[in-house]
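There's a structure below that I have some questions on.
Chain IDs A, B, C and D follow the sequence of writing; residue 1 opens each chain.
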Amino acid sequence: MTQFSTPWVERNKPNLSAIEKLMVGVAMSVAGLAAPILRRFPAAIFFGAVAGGVVGIYLVALLSEAFLGEYHLLRDILAVTGVSLFAAHIPLFAIWWERKVAARIQSRMGPMRVGGWHGWAQSMADGIKLIAKEDLVPAAADAALFRLAPYVTLIPVVIAFLTLPFGAHWIFRNMDVGLLVIVAMLGVEVVGVIMAGWGSNSKWTVYGAMREACQMVSYEIPMGISLLLPVLTIGSLNLVQIGDAQAGGWHTWLAFQSPFMFVAAVAYYITSLASCKRAPFDLPESESELVAGFLTEYSGIRWSLFFFAEYVAMYIVAALAVVLFFGGWSSPISPEWIPDWMGRFLFADNAAARAAQGLILGGPIWMVVKSFFLVFVQMWVRWTLPRIRIDQVLYSCIQVLLPLMLVLLIGQTLWVLWVPEDSLLAMVTRIALSSFTGLAGLGACWIIFKARLKKRALVGVLAVEQLPGA
Amino acid sequence: MADTVLESAPDLLMDIDRVEQGDVETEELLINMGPQHPATHGVLRLVLRADGEMVIEAVPHIGYLHRCAEKIGENLQPYQYIPYTDRMDYLAGMNNNQAYSIAVERIAGMEVPERAQYLRVIFAELNRIASHLVAFGTYGLDIGAFTAFLYSFREREMVLDLCEAACGARLTYSYITIGGVHDDVPDGWFDRCLEFLDYFDPKIDEYNQLLSFNQIFVKRTAKVGVVSAEDAIAFGLTGPCLRGSGVKWDLRKSTPYDGYEKFDFDIPIGRPGGTDEIPHSVVVGDSWCRYYVRLEEMKQSVNLIRQAIRNCPEGATLAKKNKTVKLPDDEVYVEIENPRGQLGFYIRGDGSSIPARVKARGPSFCNLSIVRHISNNCLIADVAAIVGSLDVVMGEVDR
Amino acid sequence: MAPEEICGILKSEFGEAVEDACLDCGRPYALVSADSWPKIARFLRDDARLGFNLLCCITSLDMLAENKLAAIYDVCRIPFEGKADLLEFVHEFAVRIEVDRDSPSIPSVAEIWPAADWHEREAFDMMGIVFDGHPDLRRILCPDDWVGYPLLKDYEFPVEYQGIPGTTEHELLSPRH
Amino acid sequence: MSWIENRFEEGVMVTSLDWAINWGRSSSVWPMTFGLACCAIEMMAVGASRFDFDRFGAGAFRAAPRQADLMIVAGTVTYKMASRLKRLYNQMAEPKYVMAMGACTVGGGPYFKHGYHVVKGVDLVVPVDVYVPGCPPRPEALIEGLIRLQDKIKHQTRAKKSMNTFREAAIA
């Protein structure tokens, strides 16, 4: 009979008391019930949880505003939870999105397998892998700096969220120096990069850090000056005030107020690319020159923290552009354009009307959508343009952008002084610039539409279909 | 070279002057770039002596892919050696087959049927397109434009489909063989090829829009790594690297082989900025010229394939189905125009069917030797631009 | 220009130094003595009639039966700056130098043609020919601590290098006793 | 191995944890850009439009060894390169996988007999997880190799292993 014995050793059956048996039984049955559902519908559960969380925060915020107006502590806890959850989900979404955008630009598909529909769970799989990966500190590295650097990079960009408004009332701390806090926090982020580069004790990382330092001193000045333009126009550093001033529809957005503002908006966008190390200014981690720049020695979770910081910073600079130049949380529709029959419902004082206002006139959803559109443009630029050389970055920032920004600043000052807001010149400028941008946007949409129709002719039959017999 | 760099990076050079006057004490840094580095196209190793971002000297070290091709060549019969030539310049297998086959045909005195010559031209030019596409794509990658690489590979797959239809392999063809080509092309292949050419021709203009005339790209590559015509010849540069320096030299014109004299085509050379559509900041012999010559050559290749398909006669494609070839006691040295330059094969026979010596002159080997000369006093980013513009294939450098 | 003419010019200029010539070979060449090679090389490059400005290749050759090593220099002329019609100036030639196998030494021409630099290093690496006066004569393809010159006919393959066995064939790794 | 490996005694039920981590690891295998020779071109083709490694989550080619999970040894390994290869392998963070792509890395390939300077198989230098034969392997073969590797990762466990687990695996 011995030859029929199992070739493995039977696991020992544990000796359990009655109450332990009961507990194990309950736990096993809960797990047994939950596990198949968890495994079968991960997408539904994940998106359900995210959607539930968003709805929950929205409801609790509404309720707390209505009933708990006095209890700031509770409101703060809720707001911090919401903000950090939002900040945590930006990279999760944006990394997957970037891979899909890049893939479509390059006539590929991008992630398709992980999680089912279009590889939606790709960033989560990456995250789990990176957490479980070895956290390697090189022997020659300065261990303290090396370990600290990711946090010095990540924490400031998350702090920047505290004064970043999502709506007129959707802000954690409505400070009068809100803009300064955000700019300062974006500046601190650089210190982490330099710490990482120096602490890794590798030549490539030092190069990456030095490039970041050079880049920072060159782009921060034009960036700061470009931020001054909306500030001096509105007369406040308070982001909520700046945002509220643009709530009168598409043509009242600050970027369209004067030619100087329009150029400053574009210039700010360029410097913001340099600020969050995006192509064509991705010199600190330029892959074809410096292997992976300041990130060369990082692995696992610390590396992913840098990526978290980068994507959150991308969102922040885009959101700042939206607040300062592109109407903040207000929609392109002016409240004046709402017809009476609709206004009667829309401007009523109840929860449903307020939700509708948020959708039509402006609210956090508009803010997030607009910011993500600018993030999308950042990705678009990254996958189109080659990388600039370091001396060209310094040249363009200091010798081109800086004088330009000074001219713009003086021009805008004079404009504010001499051109009243309701004068004919101001009106014509406003209408010209806003309709120009609108037409450009419509034109882009038209090109995209035609391109979709003519896919075979543009990309070519051979790229769309296989050759007969191939 | 110093004055050309002076124009491309004036600010930094001024800084260095200041440093040399003793304002700041700096130290030189030795950086090991490669053998595993994204910009070194395989296993090239560059040791950079750098002062901050400035590279004072870049010394190439090669041999990390030395696969003993010459030793194998003198141990195998010529027919057996054809697959090894594929693996030398693995981006242009057809051209390598052609070079070795012509060398063996010359020494053994074999004639190639006319149809086989036309097919050789078609496939050599198709492979030239495929090879230049990789050069274009990876150069974009070196400069930081990722998408050009994907576009070039998208079109390259179609070339590979055509080659695969003829010989069944994607990369290592062994299609062109001693005495002709291995097999005739399948029915309807010419139509497919013409369909591809009609599709591909306008794509080259698209590449120009995407990359060649992009301002950032021009800024990165113009006046970087300038090679004068004299230097280019002295260092033995051939192919697009030589033509980029403004020398009108092409073996397909000067010493035609396989019936190239029957075709009508131009030799694109590097032109100074301001003429035609060339950007103003370009000077003859810089990285941009070397890059752009390749794009123009692709147009010429399209033109050549069209002519070859139009005039291709019917007939045999292989001289004789003999699998051994006796090599007389003689020696021969044959060079043909590869996508990267002149690929030469020296074969010495000793009366048996195994050659006594096979020597390959890799064009990339000579092209690479100029790196040390032209990458003095440039930036680290320029080293990637220079090496990329030379378009070396390490399989052929190390053989 | 035909190989006979080139060879005639060389013979009239250098006389005894041109030891032999093979003009009806698959590739015509002149056999010159190693000592006078730098002079001849400079003449080949600088002479207005010849003007061989491109050194295509240096082929090293192991003639085990004659106990000699040879180096074959392929030179050719590239016209540039549109001096004349493309085909008129095309000519190519080969120069061959034979040295003793036991102490192979040839003067370097890296000064004359910079292209010779790497070619000579390769010939040194593969065949062990020493090029006197070369600025940096090191191994180029094989590692610095490589033993032997691989392209010699009597080269023995390495059994192992830095602990990596040279073959995976069982009989060779653990020979039967 | 990374910090999470071998933390659990044999028999501790870690199947859900194993499932999650294996899912993460197998779904995001980031290869290192380590092209040596001809196979590197096919490896690039796999990353490019038609074959698109990114569909399997393996499209993020990392240039630095620290962030890569998979070293695709694409091409002939020579003696001069072998020490660098070993060094790069040692620089990679756990868990790390090696794929031998092409005949040369599987066992010397066409350079076996007369290649005095060619390592006769990369498994003489670093441990190999998946062998993909071919000269060079078609992109489809490389994708197959990746899927095999994903299967292999999916059967790993965080628990301490004894001979029994190996026996079970052999029977299953």
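Simple rule for what comes next: a residue touches a chain if its C-beta (ideal position, glycine included) is under 8 Å from a C-beta of that chain, and two chains touch if they have at least 3 such contacts.
All values reported here derive from a predicted model rather than from experimental measurement.
**Student:** Is the number of contacting C-beta pairs greater for C-D or for B-C?
**Tutor:** B-C
**Student:** Using mean CA coordinates as chain centres, what's the chain C-chain D distance in Å?
**Tutor:** 43
**Student:** Averaging only over C-alpha atoms, locate the centres of chain A and chain C and give their separation in whole Å.
**Tutor:** About 62 Å, centre to centre.
**Student:** Give, as an integer number of Å, the spacing between the C-alpha centres of chain C and chain B.
**Tutor:** 24
**Student:** So the centre of each chain is just the mean of its C-alpha atoms; given that, what is the distance between chain B and chain D in Å?
**Tutor:** Once rounded, the distance between the two centres reads 31 Å.
**Student:** Using the touch definition from the top, which residues of chain C touch two or more other chains?
**Tutor:** Those would be 141-143, 150.
**Student:** Two or more other chains in contact with one residue: find those residues in chain A.
**Tutor:** Counting only residues that touch two or more other chains, chain A contributes 106-108, 287, 291, 463.
**Student:** What are the residue numbers in chain D that touch two or more other chains?
**Tutor:** Counting only residues that touch two or more other chains, chain D contributes 48-49, 63, 80, 116-117.
**Student:** For this entry, which pairs of chains touch?
**Tutor:** Per the contact definition above, the touching pairs are A-B, A-D, B-C, B-D, C-D.
**Student:** In their complex, what parts of chain C are in touch with chain B?
**Tutor:** 25-27, 53-57, 59-62, 72, 74, 78-82, 86-87, 90, 94, 113-115, 117-119, 122, 126, 139-143, 150-151
**Student:** Would you mind writing out the residues of chain A in touch with chain B in their complex?
**Tutor:** Touching chain B from chain A are residues 102, 105-108, 203-204, 207, 210-211, 279-280, 282, 286-291, 383-392, 394-395, 460-463, 467, 469-470.
**Student:** Under the stated contact criterion, what part of chain D meets chain C in this complex?
**Tutor:** Touching chain C: residues 79-80, 82-83, 107-108, 116-117, 119-121, 124-125 of chain D.
**Student:** Considering only the defined contacts, which chain D positions touch chain B in the complex?
**Tutor:** Against chain B, the touching part of chain D is residues 32-38, 40-42, 44-45, 48-50, 63, 65, 75-76, 78, 80-81, 84, 88, 110-111, 113-118, 135-136, 138.
**Student:** Using the touch definition from the top, list the residues of chain C that touch chain D in their complex.
**Tutor:** 141-143, 150, 155, 157-158, 161-162, 164-168
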